[in-house]
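What follows are several structures.
In what follows, chain A forms one complex with chain B and a second complex with chain C.
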Partner chain A sequence: MISTPRVDDVCILIEGTYPYVSGGVSSWLHDIIRGHPELSFSILNIGSHVGVYGKPRYVLPDNVAALHHIYCHEAIPGVLTNARRDALNDEIRVLRNQRDTRVGPSRVLSALKRLHLGDAVDAGLLADLVSDDLSVGAFLHGRESFQFMSEMAEQLAPETPFLEFFWHCRSIHVPILRLLSAPIVPARSYHALSTGYAGLVGAAFSVRSGRPLVVTEHGIYTRERDIDLANAVWIKDQSDGLEEEMGFAPTPSPLRRVWSRSFAALAKVAYHQAARLVTLSDANRAREIADGAAASKITIVPNGVDVDMTDLPTDVVPPPKLQVVRDAGTQDVVPCHRPRLRVGFVGRVVPIKDVITFIKACNLAMATVDLDVRIIGPAEEDPPYAQRCRNLVETLGRVDTIKFVGPMPSHLIYRDLDVVVLTSFSEGQPLVMLEAYAAGLPAIATDVGACREMIEGVNPADHELGPSGFVTRVATPIETARAMITLAQDPALRRRFGAAGRHRVVGFYQRRDMIQSYRAIYQDMVSS
Partner chain B sequence: MVVTSAPWLLTSAVLIGLRLTAHTHGQGNFGVVEQIITIAYAVTVVLSAPVQVVVSRYAADRLYEHRLDAIASPLRRVLALTLFGFCALGAGVMVLLRVPLGIAIAGTMLTTVVGAQWLLLSVGSGLSSPGVVLRSFGYGAPVSVVAALVLERGMELGPIGYLCGFALGQLVTLVLLLLGITRAIPDSADEDARIWPACVEYRLLALSSFAYHLSIWADKAIVWLVLGRDVAALYTASAAFAWFSVIPAFAWIFVQIETVFYQRFRAFYGALEGGGTLAGLRQGALLLQREAKRIVRGASLVQAGVTGVAFMAAPRIMRMAGLPPEAVPLFRIFLLGAALQVITMLAVVLLYYFDRRRDALAVSLVLLIGNAALTLFCWSVGLPPSLGYVLACLVTCLLGLVLVRRRMDALIIDTFQSQAFGAS
Partner chain C sequence: MTSVFSEERDPAVRRLKIAAPALILSGSLEVLSVLLIINGWGGVAYLAASLLHIAAAAVIWMGTRACKSQRELMAALVLTLPLVGPPLAALALATEGRGNIDQFMPRSPVVVRSLTSADVRRLTEGLSGCEALISSDLDERRKTLALLKHRADSVSISLLRWAISGPDGDLAVEAALVLEDLNVRFETRVASVRTATDVGCTFDSAVAAGDALADGIHSGLVDPELRGPLIREARQYYERSQSIALERLPEMAVRWARLELVARSPDAALAVLDRASLVGGGEAFATLRGQLLGTAQGTLPL
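This part shows the complex of A and B:
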């Protein structure tokens, strides 16, 4: 008897988060899966290399039939022994000597070339891309792929040191080729939770199986990668020494652009193949259209929270406390009333959240008002960055007032806060803001993703509720500090903002609405 | 360049002088002395070739890593082994040759000294110490000639004096090399340093070098086996004189390789590591390719000129060398073989330069096997065995040039696409 592979209703394609990282997209996905008990899910987690994840942070719901993993790179090799090096050289020699058995040039290479150097993605390009006629080994050591890389270098970065370009080009394409040749996970529909690698695999599976693909973008993947790339120290910028002497920044390496283009190209592949594109806000929708997505495919489904999940006191603002302030100059002890604001940063301690700006803002605000600051969220994703943040707090002498408290259950986070602050470089539609609103707290957030519309309202009815916090510019601690000072000094304003937020989340960001929207999308996809 | 070629040229010059002097003096035991010197060099060159390659690379690697303290300890061990091994080998050869005791002792000493000398030469070469090497050979070579003449003629010690004098000069070279290298490496030594990993890493190069040097003697050994000692003596003497015809081309090759070609080579890899653009690298590869072609063409022209002159003057050369008239056609055939072999050697050197170990090994093995097989084949079908040697050189020369050309054509792509990526 031949067993047929199990075909689940929805195969979720996700890059490295669920179920291993808590919060953000992971908690959103957990909600989505639990909200659709009638559907069976499989999850394909795309990681960088074997061993990159620790223990799962979520217990998979019963309707998740399987959790698969694929990796962009092989396991990181240890120190090469002589024997291993010889074996490796032998492998390479064999690959180098292998005669090309193809009749014509590689379709995959041809598609990659069009993808990088052209603008349009069409069905022919996608068919070529998934033709699987180019192994990773043939790419790394073959003649045709070197010609491809040479052409790329000539057109995209002719003045860049070729050695650097070569290694970056390999680093860009090896994950793509590995993922393109990944064995298909049978499903009735595919749901990629981003463009990038997840979107690429989703598109490949969709083309190969003929089943529909839906892509949900919370943050705009290409924008987030651009932010990462702008700060990436593993790309060397070009400096002639004079620039350094004069104190100017070195000329940005064209390799940043090459990487950026490659992620934009992957986004185009996903946008083209997707039957539906789901995003969170008008701002994201506009960005997707600018990046090549068809407007007709895009549906906006805002995030949602369960408004009953939190114990919501409407009068959450505590009265000002009597404090003792020591005047350093006179050593006199004088009693005074200084407003004390309990500020929470809720999120992962990672560069994209710009925790450094948050800490600086708190420090500035503390010159005027008293703050009790908590940074709530996991810090293990980027330990060097987390350490940088801790060091900054220490340097500023704020260890007693700015505390890293680690992750906490949602229902315990907001009861001890007065305001939630986000200083991210990029966001989709932050769940923490919705949770804060549900708890009646105001928010201060940077003008990224859907934050502005979440604070000021997205439509006339929403506008009528009034603002529920302050919008600040990215990487501007002074603005965030000013907003904190204002809220600290004006409890009435805090209450007004908190109430508006609460009404906003009740009116427009309910979890049940979000689940309902996805139910319709899934039904449409599964039955198509 | 001078590090490797000058000692070879000096030694060749001394050997030619010795051979001519030995003959013109006309004493019977000079034939034995000549045989001992030939065997001493043949045995040491062939057996020390792989060791030289490994030691030279080991020293160069440590120099690159700024770990000169890791040289002394392995060098002491290898030197002790070399001295002991070649002493035993030399004594064994002397017993087989059944020479008088005095000559046997001098012959054993010469074999031991020359074996150790080659080893230290490779270290000097690896350390890029031309001063040490040149000084050592520059003083040792004239001492060899002068001491040989003084002992043989001035003190009337005859052939044994000649051999001892020659060996004394080589001993001077060895001592000077040893002193120079000792000064070049630090006093503190890493006693845990081992050379074995380098033996493993460079085994293909070592094997290639061994095969190449062995191939030089393969046809001679076969002729000795199938045609006997007398024929082999004439065969070997004719071949040796023909081989001297490569000296100008050899010198020209090494000068060119280690000056202009080396500069181009460094420029290409310097640009590669120093941020060269693709266009720049292509230009560098093109210049390197042109330079390789120019050297092959130039070497061919120089060699053709010398071969032509020697071909015409063959009867006179053989007469001067004291060889019989029947050696003339043999000498002319060997001239062709030597001309082809020097181009083959150029190809092997170029392949070494680009670290094409397998290709270099293939060329060396083809030369070794081809020389043995074709010599045997020619003898078996009634053709002169020397023709087999020439055919083997022709085939190997063509193979070497094809491999070099292929390498040069694919220089950039091979350089990049042979790199491992992660654990691929």
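This part shows the complex of A and C:
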């Protein structure tokens, strides 16, 4: 008896988060899967290498039939013994022989070349890309791939030493080839939660199976990679001894551009193959179109949270009267006590969230108002950064007022806060802001991702609600501090913002609406 | 080559007329020297021929009244090419250059206009820091950010802060990341010098610690709210170095004084300089004076 492989309704393709890392995208996906109990899901988690994850942070819902893993790189090898080295040499020999069996030039290499040179993605290119006629071994050891690398070096980074380009070129392509040759996970539809590697695998599965692909982008993947690449220390900028001596700056390595373009090319592949593109905001939509996505494919489905509808505020509560005294010297009226504000930063303590700026802003604001500050979120992802944050708090002498409280269940977070502050360098559509709104709290957030839309409104009906907080510039503690001071000194404004936020989340960011939108998309995809 | 013998008004013809006696004399001397050699009157004849050859070149050099470069060319031709040198020199004098770029330019009157930004860019062969930062060329922008990160001086940090405050969100994030990176570098350096002084505090390690902290303060990298504690710490390191080796105070007195000025303590700055002068004597005073003059001229913003 031949067993037929199980075919689930939706195969989710995700890069290294759910169910192992808690955070925005993971909890969003958890919500989506639980919101569709009538559908069966499988999850394909794309990781960097075996053993990179610890214990799962989420219990998989019952409608998840399988959790698969594929890895961009082989497991990190241990110390090579002589026997293992011999075995490895044998493997390499076999791979070299395999390379010789292919007739004609590699279609995969041809497709990769076109991608690097910025050709438009079309069906022919995608068919070539997924033709699977180039193994990783053949790429690493074959003559044709060496020729490919030489050509690419001349075209893409002629000023870079070839040896350096060679190793980077390998690093760029090995994950791509490994993922392209991954065994297909049968499903009626594929849902990639980003472009990049997840989008690539989604496109490959979609082409090979003929089933539709939907891509959801929370943040813009290529933009986030660009931020990573801008500060990547593993790409060496070019300088020679003389330049160093003369005090000239090293020239940024063209390899940063090569990497950046390769991620942009992967995004184009996903954008082309996707039947639907889902994004969170107008700002992201504009970026996707600029990156080559067809506007007609894009649907905006904002994130959503559950809202308790029983205690919606109806009007603005007047501010409590402050006791006043007259200043002895100037006879000016001054309040007899300093306003106090409970401020929360909710998120991972990692550089992209710029917790340092948040701490500096709190310190600045504390010169004028009293703050009770909590940094709520896991700090173990980047221990050196978390330590820097703690050191800063200590240097500023704010250990008693700025506290790192670690992760907390969301229903406990907001009841003891007056305002939620985000100082991130990059965001999609932060769930913490929606949760804060649902709890009737205003938000202060940097002008990244969809934050401005979430605070000021996105359409006329939304604008009518008025702002639900303040938008600040990135890495500008003084602006964040000013916003905190204003909210601390003006409880009426705080309440007005809180009420606007709550109305905003009820009107435009409800979980049930988000689930409904995805239900329609999934039904369309599954039945097509 | 364009010959212009037919046109008397042409400057080349005028030059030739003026130079004709010298050219003829030079040619005659050359003929005479050749005759001397042909007649074979021995070593004396060779010597005389050589002298006549040199005289022919000298006549060209002195008698043609052409411009210097032309005279040099003609004399060189006469010297290097016996007998045929003078005719070639005449040709050189009569030749109007046509390899000049202005030959292909339209002969329209020159219109004087004010400089545009494009002209300025061409003149300076590069963009200003601000222009390069707001350039739509991603590579240009990254190159500039890399330059600012490398220099990390007060101007660079001001530019980065300017970029953060600008309307371009992408640039703001990139500039903020560079600034963050500089902060990490600064903190790492400070941590390392602190450790060095903890392990074994010497004059040099204490000065290095004070300098590391002072650099962050002078460059503007350290936020104003953090300045106070860091200034106090830097001052402590300088005081420790002074207590370890008072006689070496002049080596770092100016840096310490600058720190005191940033801390708005001019009296303390003067006191440091006075002590350094007393300790080091006249020579130290001269050194300090030189350093301070350098400061006044803008190398070290006080």
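Just so we're on the same page, the second predicted complex is superposed on the first by the 466 of 528 C-alpha atoms of A that agree within 3 Å, B and C clash if a C-alpha of one lies under 4 Å from a C-alpha of the other, contacts with A are read in each partner's own complex, and residues count from 1 in each chain.
The definition used in the following text is that contacts are C-beta pairs under 8 Å (C-beta built on N, C-alpha and C of every residue); 3 or more make two chains touch, one makes a residue touch a chain.
From a predicted model like this one, the values you see are computed outputs, not experimental measurements.
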Self-check item: First, second, both or neither for A:Thr251, with chain B first and chain C second
Solution: second
Self-check item: Which superposed partner A:Asp237 touches (first chain B, second chain C, both, neither)
Solution: second
Practice problem: Once the structures are superposed on A, label A:His73 by its partner contacts, choosing first (chain B), second (chain C), both or neither. | Solution: first
Quiz prompt | First, second, both or neither for A:Arg390, with chain B first and chain C second | solution = neither
Exercise. Identify the partner contact of A:Glu164: answer first if only chain B is touched, second if only chain C is, both if each is, neither if none is.
Key: first
Exercise. Could you tell me if A:Val136 is touching chain B, chain C, both of them or neither one (first, second, both, neither)?
Key: first
Quiz item: Of the two partner chains, chain B (first) and chain C (second), which one does A:Phe146 touch, if any: first, second, both, or neither?
Solution: first
Self-check item: Partner chain in contact with A:Glu154 - chain B first, chain C second, else both or neither
Solution: first
Quiz prompt | In the complex with chain A, residue positions of chain B that touch it | solution = 197, 200-201, 272-281, 358, 413-414, 416-418, 420-424
Quiz item: In their complex, what parts of chain A are in touch with chain C?
Solution: 223, 227, 230-231, 237, 248-252, 256-257, 351, 354, 356, 360, 363-364, 367, 388, 391, 395-397, 425-426, 447-448, 473-477
Self-check item: chain A-facing residues of chain C, complex
Solution: 138-139, 142-143, 145-147, 149-151, 164-165, 169-170, 172-181, 183-184, 187, 223, 225-226, 229
Self-check item: Residue numbers on chain A that touch chain B, as the complex places them
Solution: 73-77, 82, 88-89, 91-93, 96, 136-137, 140-143, 145-146, 149-150, 153-154, 158-166, 170, 174
